[in-house]
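The following block contains the structure, expressed as structure tokens.
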């Protein structure tokens, strides 16, 4: 009988909180968007599923050993934790606050105390530690993306790098926006939070996750979900902005064909980029270094089996763990916050500003080049969101001129946007990290 | 000359113990069964090889740093270990007992002391820590199995889930058997040991390893070997029981064809199952969560590259490490014990009872459905052992009626058995974990 | 304005040291050799790229948390480090020396202190810890190589094992050479350094890395680069030695065709080898154990999916991390040393002596077998460097007799050389480890 | 000892009971789900894919099957032009 | 210094000696193994597979090659029926 | 608060400025690199491969494409002989 009561009182249905219920619904919504609407499914299926698992009541899959110990609240364990954390009382909130603000060495001791008490890290928390807290998963995805990227179109027309630069204005404008909301008292973001939110405008998932895990790990769930959702929404967000800022005649501009790029140029490009990073912005070295490494493996032609693994088995394995780990941060107490709303609003503004600046920069460049050389529609591709944004440029071009294929021309600013936001990320880490 | 003596006295042949010799023979036997008799070779080849490596004298591949330090017995290191372990003396047995029963924080300190003394974890021990002690390897295998499983036959005839439930009786009967032997003084199993042994009757390798690593890690070697061996022996163990419990006319029953199952049902099933687990039995969440995740990746159709990796590269990598890690627990002192004999006997009883209950349940369901709808031969497939048990059902059906193809009908209870034993595992972990 | 100065004073160009500049050039040179000259590109591309990343100023990618803390020199952190390291002063050199010679437990404490101070392990340092310091990467590569190796030619003519033994003389002669240079005061190598350098003569990359990581980790960069470079140079190094030591008539000797080797023999060989290792040299058990395991997976025919993964996805993933990790040891302070010069010179001598001894042994065996049975050109393949050395034997054979295909005959000593150098590695680890 | 035995018995009763309750619920949930699917999304095999396409065509124009076909055409044209100069 | 040199010499003698002893033993063991195999399991290439099949046919009926062929037939039939309604 | 705002502004100015400076430099470096390549290694598509082959032919004879062709021939011959007895 006692066993039956144990079973019931430990069941999910007996313990579920309103927040957990809502977050499970959010997880289901993400799965719906990913599967039915094709929203970046490679990430949003694992994130959504991880989000549901993270909110299973009593399972504690997304919690650390200390958090689980505090949740189950054995008095002697709480006492021991309060002692190592120098917390003034043993109530949950005080202990958790002391734990989350403790130094790494106190953290390690508290973890052992919780384990001595019989509590362990949840499965998803371990995935998070290994994949994201260590920084390794976003870097390996960047390496795989590098191995998938063809810099040919960019090398054929290096000036498109300026479009990739201009589109990053969305990032910095959003940082200012987040700070503005804080100054007005609407939200409460630190400068680190603001920087991480801004990076959503970079339209690059792994960069956003990497920067957020360094600057504002408590916002990881919301920022990653916003970043991937908006990347999926690029075909909805960008066209109105692009149409509003360009004239019909500009959209009709046919660009001259790209020159052929030699194998040697493609091999030398990632090396040149790496050295430039090394000389100017060491803080961007992990991200851009791994990106260049992947690209060099692709182009050098002598390590095809490594390049193939980086593009397939390895990036797939890492994606599974990265997605589940991000999902583990979709816990009610972190996600169901007015901040998340702020992040969603700011994120879409960042996308919009980035798109607009890319298009405006393309218009300027077109003017400077005589007015008939650069179709401003390719400017929006500078936000990155590879290859979706380039496809959107191509689509709008075809609407105005059914013989105007802008895809390859838009791939230049598209990959330039990846470099641009990684550079912006490095600046953020340098200044506010 | 001194060097020659060093070499000789450190050689395996000089140091080999009787137990190590026997265990190397056991390892060779497992390799023979795997390679020549096709006994679950994917697991038993790595387990057998790992078992041989674990018993190489003086190499200490399967031992932790502390165990290696105790084996080589430098007095000052033993003294330091005795001090941190609060052991009353420095003899090997006392130290090892204190080490194995120490709390995680004392464990960590002892490990550092052993490393300060110049000893390290053996290679296989490290594999064990990463793959099994962390719990990750069985979970990833479950994810891969989920990605390989087609729930179509089960969805076409959900009542076969009852067969998957009934067959789990073998698990609980065996727990009682193990306790009975202990009460009679024949064996000495704790309730945790009994629960882990019972899970052998679940006929599901990763579930057995996961539960055992949580409840009775010292029995891991014997339980894993028994589980995989008996799964390989399903075509020998089941037929006599099936024949004894069914009449010729029952075995001739031809089942109506299964209805077509839509893609959407297949997508919604893993999600429904996950939510049921979340609401009722959070302790089964890691196992069934990863299983459902793998199955959702398979069915949703938008993350095929992840599903493909989960079914191939990832599950293969994990299988290699899981097998070697299990093999590392085939050390003489743990395996050559009367308990192992008890485990082998109880394990086969568990299989037998499970098979019988599955068949009897099918007979009951057949009676309730009018006596000519369900061929009781598919009941035995409820133990899981996918897809071997379903093939056995099919084979016996063909013997009675050469036009009677039961394979697809038996796949329903077969995959139901996987769910059933994972639920049983969750109950065990809840009650005795 | 202040921010601008921060940016400039933290830039690479402001901080680059001469050593870092030179090492970046060395990294570029390695990439050039790998890509343009096809020097073992699978390893030298990652090593070269890792070497460049390791020398990015201020990024600290190859440094541990403690090394980064010492570099950035916050006084309170230095004070705390000096205290846990019991260092007499807080100047960089003293602290680093105390850190590098500290016991594992002090090491762990110092690492936590540095993290408390806000410093972390660099990305490449983490790769190094996981891949090489743990010993796992070379072992997994050995497993993959085992899964790629066909012992058929060796089994058809087991006497070629003697050639694989003789060629290891290069290893031990080089150890003596390194010690000689130290005795003469030219260099300053410990016996451990000498042993690790000698292993270059084994012409086997993973063995060299494994032994060096155990005996002389500070030499890892130089030794790995030397080992892989010389393996790439085998077609240049070996022919003159082979021509000098053989007569034209010897080079014309046509060897009788190899007998057919049965599947069963191929299955039993890795098991026999493992047992011999277990009985005689437990210290070679990790290396040869994993090698035999890989080969058994290949030959047993029942775990093809594991063998396939070991040969492809897994070995590729490990190669990427191993290469980057080795590259992380190409930091200026460790590589730009007169010792590196010594290592390069001794390494090539080791190769030369090994080649010569292999050829001479083959001549002796040919004499003993009647003078017309064994072409001495196959002796040089005993150094391993699979399959390059066997190809060189074949090429020189064809030069003397255009109908003389020695490739299969040379594969026997070639794989015997792998076993031989792994045995030599075990002896080294036993005696000086 | 006696205690252990009663614990084992209890484990058997509750364990087996729970397994049956859980799988019975799963039978009902699955049946309900299948019924709802057959009722509200009846088309076998082909509809879900179609539905997904049409539903999302209005939302994420760039990423749907329809657009993918179009895309293939575009890329082919582009690559063709790009290579042929 | 002198000590180091003598240690190196010793290492060379014992190391090289051990390598030769080990590989010599391996030559004998391999030769013996091959002889035994040729004597007691002589068939080249084809027998081992055959032997394995027949040996295990009596033991693990469900998992042998013979049964796999049968299985393929069964599954084909089953799938055919299953799809054709 | 005011402080935060000014920090944000500064971050925007320097951040955006740096991004432009960096990418501008990259435009120049890339352009220069392309010019040098076109000047000193002008052949499109085919030369680099050829060059690599010929350059390394003299250095690492055993590992070049040329030798690989040769190798394939050799192995074919060897395997053929080996199997045909």
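In order of appearance the chains are A, B, C, D, E and F, and numbering begins at 1 in each one.
In this section, a residue touches a chain if its C-beta (ideal position, glycine included) is under 8 Å from a C-beta of that chain, and two chains touch if they have at least 3 such contacts.
Note that this is a predicted model, so its numbers are computed, not measured.
Can you name the chains that touch chain A as well as chain E?
Chains touching both chain A and chain E: B, C.
Trace the shortest chain of touching neighbours from chain E to chain F and give its length in steps.
Between chain E and chain F, the shortest chain-hopping route counts 2.
Applying the document's contact definition, name the chain pair with more C-beta pairs in contact, C-E or C-F.
C-E
Quick check: how many Å separate the C-alpha centres of chain A and chain F?
28
Using the average of all C-alpha atoms in each chain as its centre, how far is it in Å between chain B and chain E?
26
What whole-number Å value describes the gap between the mean CA coordinates of chain C and chain D?
Computed from C-alpha means, the inter-chain centre distance equals 48 Å.
Any chance you could list the residues of chain B touching two or more other chains?
Within chain B, the residues that touch at least two other chains are 3, 7, 38, 260, 280-281, 313, 427, 431.
Which positions in chain F touch two or more other chains at once?
Counting only residues that touch two or more other chains, chain F contributes 11, 14, 18.
Strictly by the criterion at the top, what is the full list of touching chain pairs?
By the stated definition, chains touch in these pairs: A-B, A-C, A-D, A-F, B-C, B-D, B-E, C-E, C-F.
Over in the complex, which chain C residues touch chain A? Could you list them?
3, 6-7, 10-13, 16, 24, 28, 31, 34-35, 38, 41-42, 45-46, 49, 52-53, 55-59, 61, 112-113, 115-116, 123, 126, 312-313, 316-317, 319-320, 324
Chain A touches which residues of chain B in the complex?
103-105, 108, 134-136, 139, 267, 271, 274-275, 277-283, 285-286, 289, 292-293, 296-297, 300-303, 305-306, 308-310, 313-314, 427, 430-431
Which part of chain F faces chain C closely enough to touch in the complex?
Residues 10-11, 14, 18, 52, 55-56, 59-64, 67, 71, 74-75, 77-78, 81-82, 85 of chain F touch chain C in their complex.
For the complex, give me every residue of chain C touching chain F.
Spelled out, the residues of chain C in touch with chain F are 3-4, 7, 35-39, 232-236, 257-258, 260, 388, 391-392, 394-395, 398, 405, 407-408.
Inside the complex, what are the residues of chain F that reach chain A?
That would be residues 1-2, 4-5, 7-9, 11-12, 14-16, 18-20, 22-27, 29-31, 33-34, 37-38, 41, 43-45, 48-49 of chain F.
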